[in-house]
Amino acid sequence: MAAIGLERICKSFGGTRVLRDVTLAIRDGEFLTLVGPSGCGKSTLLRIIAGLERQDSGSVTIGQRRVDGVRPSERGVAMVFQSYALYPHLTVARNIATPLEMQRLTLLERLPLLRLLSPRRRRIMRGIMAEVEAVAAALQLEGLLGRKPAELSGGQRQRVALGRAMVRRPDAFLMDEPLSNLDAKLRVHMRGELADLHRRLGATFVYVTHDQTEAMTMSDRVALMLEGRIEQLGTPAELYDAPRTLAVASFIGSPPIACIPVRLEHEALVAAGTRLALRAIPDAAILGLRAEAVTPVRHGTPGALPARLSRAENLGAEWLLYATLEGPAPTPVVCRLTAAAHDAARDAGLLGERLWLLPDPARALLFDAEGRRLVAEPLRTRIGATA
Amino acid sequence: MLGRIVALVVLGLGGAVMLLPFVWMVLTSFRPAAAVFEGFGASAFIGFENYARALTTAPLLRFMLNGVIVCAGILVVQLAVAIPAAYALAKLPFRGRGLLFGLVLAALCIPIQVPALPLYLGLAHTGLLDTYFAMMFPFFLSVFAIFLFRQFFKSFPDEIIQAARLDGVGEFEIVWRFVVPAALPAIAAFSIFSIVAHWNDLYWPLIVITETRLAPPPLGMLYFRDAETGSNYGALMAGATIITAPLVLAFLVARRRFIEGITMTGLK
Amino acid sequence: MSLALAAPAPVEPFALRIGHAFAAPAALLLALIYIVPVSVLIWLSLTDYILGAVDIRFLGLDNFSRALADPVFRRSITNTFAYVAIVLPGGVLLGLGAALLVHRRIRSRSLWEVIYFLPVTSTLIAMATVWQFLLHPRLGPVREITLALGLGEVAFLSDPALVLPTLAAIGIWQLVGFNMILFLAGLSAIPRDLYEAAALDGASGGIDRFFRVTWPQLGPTTMFVTVTTSITAFKVFDTVRVLTEGGPAGASEVLLYVIYLEGFQYFRIGYAAALTLIFLAFILAFSILQAAALDRRIHY
Amino acid sequence: QAPVTLDVLYCFPSFARFHEPVAKLFMDANPGIRIAFRAPAPSYDEGHQTVMRQALTNQLPDVFYSGFHLLPELARTLARRGQIIELDALLAAEGDTFRRENYSDRILALGRVDGRLYGLAFNASNPILYYNIDLVRRAGGNPDALPTSWDAVIALAGRINTPAEGINGIAYDVHGWPDGWLFEAMITQAGGSLLTPDESAVGFDNEIGLAALRTFRRFVTEGGMQLIDWNQSRQQFGAGKIGIYAASPANLAQITGLVGDKFTLRTHVFPITDQEKGRIPTGGNAAVILAREEAKQRAAWTFLKFVTGPEAQKVVVEMTGYLPTNLRAVGEQFLGPWYRANPNALTAVRQADRAGPWGGYPGGNNVRIWRAQRDVITLVMRGELTPEAGLARIVAETNALMRSG
Amino acid sequence: MAAIGLERICKSFGGTRVLRDVTLAIRDGEFLTLVGPSGCGKSTLLRIIAGLERQDSGSVTIGQRRVDGVRPSERGVAMVFQSYALYPHLTVARNIATPLEMQRLTLLERLPLLRLLSPRRRRIMRGIMAEVEAVAAALQLEGLLGRKPAELSGGQRQRVALGRAMVRRPDAFLMDEPLSNLDAKLRVHMRGELADLHRRLGATFVYVTHDQTEAMTMSDRVALMLEGRIEQLGTPAELYDAPRTLAVASFIGSPPIACIPVRLEHEALVAAGTRLALRAIPDAAILGLRAEAVTPVRHGTPGALPARLSRAENLGAEWLLYATLEGPAPTPVVCRLTAAAHDAARDAGLLGERLWLLPDPARALLFDAEGRRLVAEPLRTRIGATA
């Protein structure tokens, strides 16, 4: 188990600066997710931690040790690759055994043919295989130990890759989009398994993904990266509820947050010609409204924005209403309703072609023109709403 | 760093072995007869005299033109035959497909020396000896090309073919409009194989060609290599340099595509 | 709904018919260039046909039994196998070695590729003279090396014990570049993250990386290179004919050269046909064996 | 007379250098006949094969230059098929004087097979010895009294041989020669013959054959000969590192070029052991007529007469060093001045009276027989087989192959 | 515009029967989605409609016409492929133009070089290009007409593929997982664009996907395929609310429906030792509970099932509580709460390590042992439309 410290890491490829001064302290035993759009440098950062890539400047510590210049295999970290990177010619058992073979056998004992001569090797291999079986059991791979990777399903390969990482008992696991090659259903399932594994092993997990759902559901903390910088570090709830910038708010959350231009008029916020029932903050330029932060209300409700319904998606358990705010600059807004709330609203006749959307003051986010979020006062605890 | 140096030294030594014969070939082509066997040291230099002699003693340029005609003719027909066949083997279901592919694989192992004699008799019977056709005919079918292209076409996305069928593109047009452009690296790779093999082939032309005006380049070398009265070494080397040059150039030009092509054919 | 409506009526899609059309030229040429000639050859091998002879006698399998008893032919089989036994591992391993070294060069890579590929483009007739000089025990530059190594003068092309290895070395010289290019293509297709996984697993040394990742990943390339190299080696003919004519004392007589002598020098076509078929059997068996052996090691 | 085109095939592409000018001279002299050369065959063997193949497919050239050693086989095979013309009648029609002025009997004999004349000798050569005079002097030899017996040759070679400097005494490359010429020379110079008089068995199964093999071995053991490829020997002689080199006078031009002014080159006669019966075999080729139409046959005969005539021979000899096959060619009008300027070329002429035909074995197995003999000779020269055992093997194998042909 | 009729289509590959007697009537102008797990035969069915594959038996009609044996290009349908299947070496413009070139130019005019000679070709090409530009404008591709596919983003390629389909003005569009290569965000966006396109063109859309969200949100009707059969055909809401079988219920809905074994005891349903407050139906063997059909309640609430909380996922707008029912056979159950409801329940102390989950009688689904859904009277009206 180890904490991982990144101190002012910079990295360029050719002329492009991929990492700009990244400083990050990952706590011992924590599940930390690096999330961000494609190309923002997540993989590069992970590979620098693993030692597969060398930073241009800055330093990495794992546990108490500065590991700059230490070989990947000696840093006490294990990595799970997006493509699994299993050795296709080795059985599952040998795949998992490889890191141990490398640790415990001499070079001669690892060479083809030559290795058959060593009785010591046989003894060690027996020990290794016992450990492999224990790991395989933990991952429910017992029946597959004799197979080659080509004979496994995606989820099984994923688990073998995990097994190969686990067998070394590393202090930290590094995972680079380990689920992105799986189909949606399996992904949901493996998400649970990974979270479970983290709990059982108690090791530090650094997890890279560009899928915010993964980031939100599995992590203790999430580091959102944008263009080589860590834009915000916090718990999933902090990132969702209290994004520090508009960029964070836009990246986190699906459907994406609606960004409505607002003006301050006579101490009140005005959007699309409507006076909003929100507390005005100086400098406010953009109102961020997540889909669950608006509700359709009756025409005439104070502070309700007039909109035109363009599409309604029934997701079974809930509905998404896609609407466009009326006004000089048509802005798209999405409204999320549970199936029950939707039926109620429909029955109340609120869902015509035109509708009025009332922002929830407790959930509305305000940003200044540079995209920094404006906070009136410490985020207050929410008050229960009707289910 | 040490590893790097060792690697460079090993590569350099190997490269020297690869180059040595060529260096001597080119050196000799610039030497007078009396200085031919003087190794790699400095020696008399007579400029392009040997080249002039090479070009006048035998109609080398004519031979090279013949070489171009034969290589181009072979290559064009090989491609015209192999591409559709490989496409059919890779993408079209038809009766006898397995049999045809099996025969192709078997033929892959048969060198030209095996069917040479019956082929000669057949060509003689039809009065086709002493023609460009006779020189090219046995090579019109390249089973190697079929094999190579089939590997490549197999990885060509089915969906593009289906899209083209839906767009109303005829099957033949699909091949030359969409499949062939995508297969250009593989075609380049094969072309190098084919040209190298046929440019330097002496065995078959010697059998079917009696007229000097049809002779391919290596036959030209025979004008300088003479067991009876002794070779003209300088002109021989000059001639060799002249006829090797186009191949080296062709490789230089197509090198990128060549390697790419091999990678893409899935031989990897 | 009526039964008639549900009955299968579809016409063959166009693609099914066009398959035959596309394959037809190749099939026709296959028949003309391979199947018919080989059939003729089989027939000839059962006769005593001599070029120019007016009457032909049917011999059955006599030619074959004679061939197998013929010491010259048997020696040529031994010689050919010895030649293959040198060229095959030499050509494959050196090609692989060159590819491994060249693959890592970034800037100078194309230079090395061209240098190593040069021999593939060489013209044998001219090269024969070059080799005769280079390997000349008295005049050749190689003499300096053998003397420096304390081997004295070595008559590479004239010593019966050395002539086959020498021809094999020349064969390898011609082949290495070609195999190197094939291996280079194979190397560039190995996914980088396998090496990274190996590095994390502790296989960071060159030897471990090679045996854990490179070599297994090159399986299909190795198979292709091995098969083509062995066929090329089996077909050795040109260098023998041009450089040694089978000598000294028959030490470099190989299968195709003997076939060539029988067929084109002695004009005993029937016998040569039988030898050719035996040769073909060897080559086919060898290829199939290799394919089968290597197939077990291929994983994608 | 309608113009006639003759298809002509010769061996060795490099011979274009004299075939072309000769043909040009001929066409200038005979405007009604055009000469069209086919692509030359790379060697006698291959030319022979080509013609044999073409006989099957009726694609024979009108005139072919056949190597002497392959002529019997060619003539017999083609005569059976009626595809070769007998020349006796044509020559007789020219009159006795013509024959006597132009062709010696010895030269005509080169074109006879089974007593019938099928070819007219065009190129002829008999083996001579090339000497590196600088090396001879250094070894204390007298350049003006070069040896005339094999013992003396070997003794001189032994003195020249200085391995430390990379210099070899002699090269007599019988072990690598593409045909049996040098072997036969060693037999016939001692008065022996290849065949018994009834041509049923080898004629050198005796002391002469044994002596030949012993001499070959002595070249290696006493004369400092190394067993390398025959082309390599020529290269080495040209580089000045062999004292004595046995080869055809046809190589004179090339060797002179290779030597340049590195050392003094001199040629000398082939030593003769049996001064009485000793003969040396004549290498080279004869022109044969394979044309089928009469007009072409007539034109071909005119061509044959021309190429074996003095003007043509002058061209050929000056370029190569071959022996002239025409009696008039040596005359002052033709080659006289040239021979004075090139004394090295005269050696071949000086021993011309010893020239005999280059015999072959009956049965059409010549190539194969020589390959078998050569293998054994190599073993003897390497010392892996005693001359006695070697001779026994050569005799047995040759007799067997002669019969199985 | 055309209706598409499939009549008893069967298809086998080698020995495996991929389609078993599929009969389906697709209405003119309808957006019909074929959804089902991987390998169930969706693509095969679509390719049979397109004429790219030939059925073993059965017949296809498009419009009034039986098209069996008609060439793909003459069936009046266009297809959009998962991989887009753009011609990589042609520009966007030429990609879109290809179908028209094939229709309007003669073979000679299509040949390289030769085609340059024809003045007629130039005239026709001008006409074609005008149409291409119109289509490109409709898809906002105007600026990209000169680019090659490799220079486009995933979404742009997708639109080019659509353009190539649209330019032929086909009666029906066939789409095989057209969005599955896009990333999650773009997928949501393109979903809207496709629905929009359908509305604008009014053509028949047959849409294949294995993503149920796509199926639910875009379609007029959904045909759920399982193992080569159409298991249920109906509107998205019908499939979600009134699945005909347990298989359908399990496939539709994420997280998947919980399947709880129930017994009938004294005219009441009993699960995990608890008497449920649900109407009992004879033969009921399995109770299906979607995540929104359970709510955490106070200990002691009648009919509430005791469960152990194993994981809670915060998706920002909502929470998913993963729990395991206590009892002899531990069964996983998921409970979905809006963020507000979650906070309320947490504040009420309902979300301890043990929790009590109350099924919503209106949303609980009951199945017999064979997986057929059992319907009590009130629900019957809802599925009436399907029959």
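All chains are identified by letter, namely A, B, C, D and E, in their written order; residue positions are counted from 1 within each chain.
As a convention for this text, a contact is a pair of C-beta atoms (placed from the backbone, for glycine too) under 8 Å apart; a residue touches a chain by one contact, two chains touch by 3 or more.
Note that the coordinates shown come from a computational prediction; the quantities given were computed from them, not determined experimentally.
Colleague: Could you work out how many touching-chain steps separate chain A from chain B at minimum?
Modeller: Step count on the best path from chain A to chain B: 2.
Colleague: Quickly list, by label, the chains bordering both chain C and chain D.
Modeller: Both chain C and chain D are touched by B, going by the contact rule given at the top.
Colleague: Have a look and report which chain pair racks up the highest count of C-beta pairs in contact.
Modeller: So the pair of chains linked by the most contacts is B-C.
Colleague: Greatest Cα-centroid separation from chain A: which chain?
Modeller: D
Colleague: List the centre-to-centre spacing of chain A and chain D in whole Å, with centres computed as mean CA coordinates.
Modeller: 91
Colleague: Whole-Å distance, chain B centre to chain D centre, using C-alpha means?
Modeller: From the centre of chain B to the centre of chain D is 38 Å.
Colleague: Mind checking the centre-to-centre distance between chain C and chain E? Centres are C-alpha means, answer in whole Å.
Modeller: Roughly 55 Å separates the two chain centres.
Colleague: Report, in whole Å, the distance between the mean C-alpha point of chain A and the mean C-alpha point of chain E.
Modeller: Once rounded, the distance between the two centres reads 26 Å.
Colleague: Residues of chain C that touch two or more other chains: which are they?
Modeller: 14, 129, 133, 136, 139
Colleague: Any chance you could list the residues of chain D touching two or more other chains?
Modeller: Touching at least two other chains: 53, 56, 178, 231, 235-236, 239.
Colleague: What positions in chain E touch 2 or more of the other chains?
Modeller: 71
Colleague: Across the complex, what residues on chain D touch chain B?
Modeller: Of all residues in chain D, those touching chain B are 9, 11-17, 37-40, 42-44, 46, 50, 53-54, 56-57, 59, 61, 178, 231, 234-236, 238-239, 248, 250-251, 253-255, 257-262, 320-321.
Colleague: Report the residues of chain E in contact with chain B in the complex, numbered from low to high.
Modeller: Within the complex, chain E contacts chain B at residues 47, 50, 52, 71-74, 77-79, 81-89, 98-99, 102-103, 107, 110, 164, 168.
Colleague: Spell out the residues on chain B that touch chain E in their complex, using ranges where they run on.
Modeller: 157, 159-160, 162-170, 173, 177-178, 181-182
Colleague: Enumerate the contact residues on chain C facing chain B in the complex.
Modeller: The touching residues are 14-16, 18-23, 25-27, 29-30, 33-38, 40-41, 44, 94, 97-98, 101-102, 104-105, 110, 112-131, 133-134, 136, 139-141, 173, 176-177, 181-182, 184-186, 188-189, 206, 218, 220-221, 224, 231, 235, 237-238, 256, 259-260, 263, 269, 272-273, 276, 279-280, 283-284, 287.
Colleague: If you look only at chain D, which of its residues touch chain C in the complex?
Modeller: It is residues 45, 49, 52-53, 55-56, 77, 81, 166, 168, 175-176, 178, 226-229, 231-232, 235-236, 239, 241, 365, 367-368, 371, 374-376, 378-379, 382 of chain D that touch chain C.
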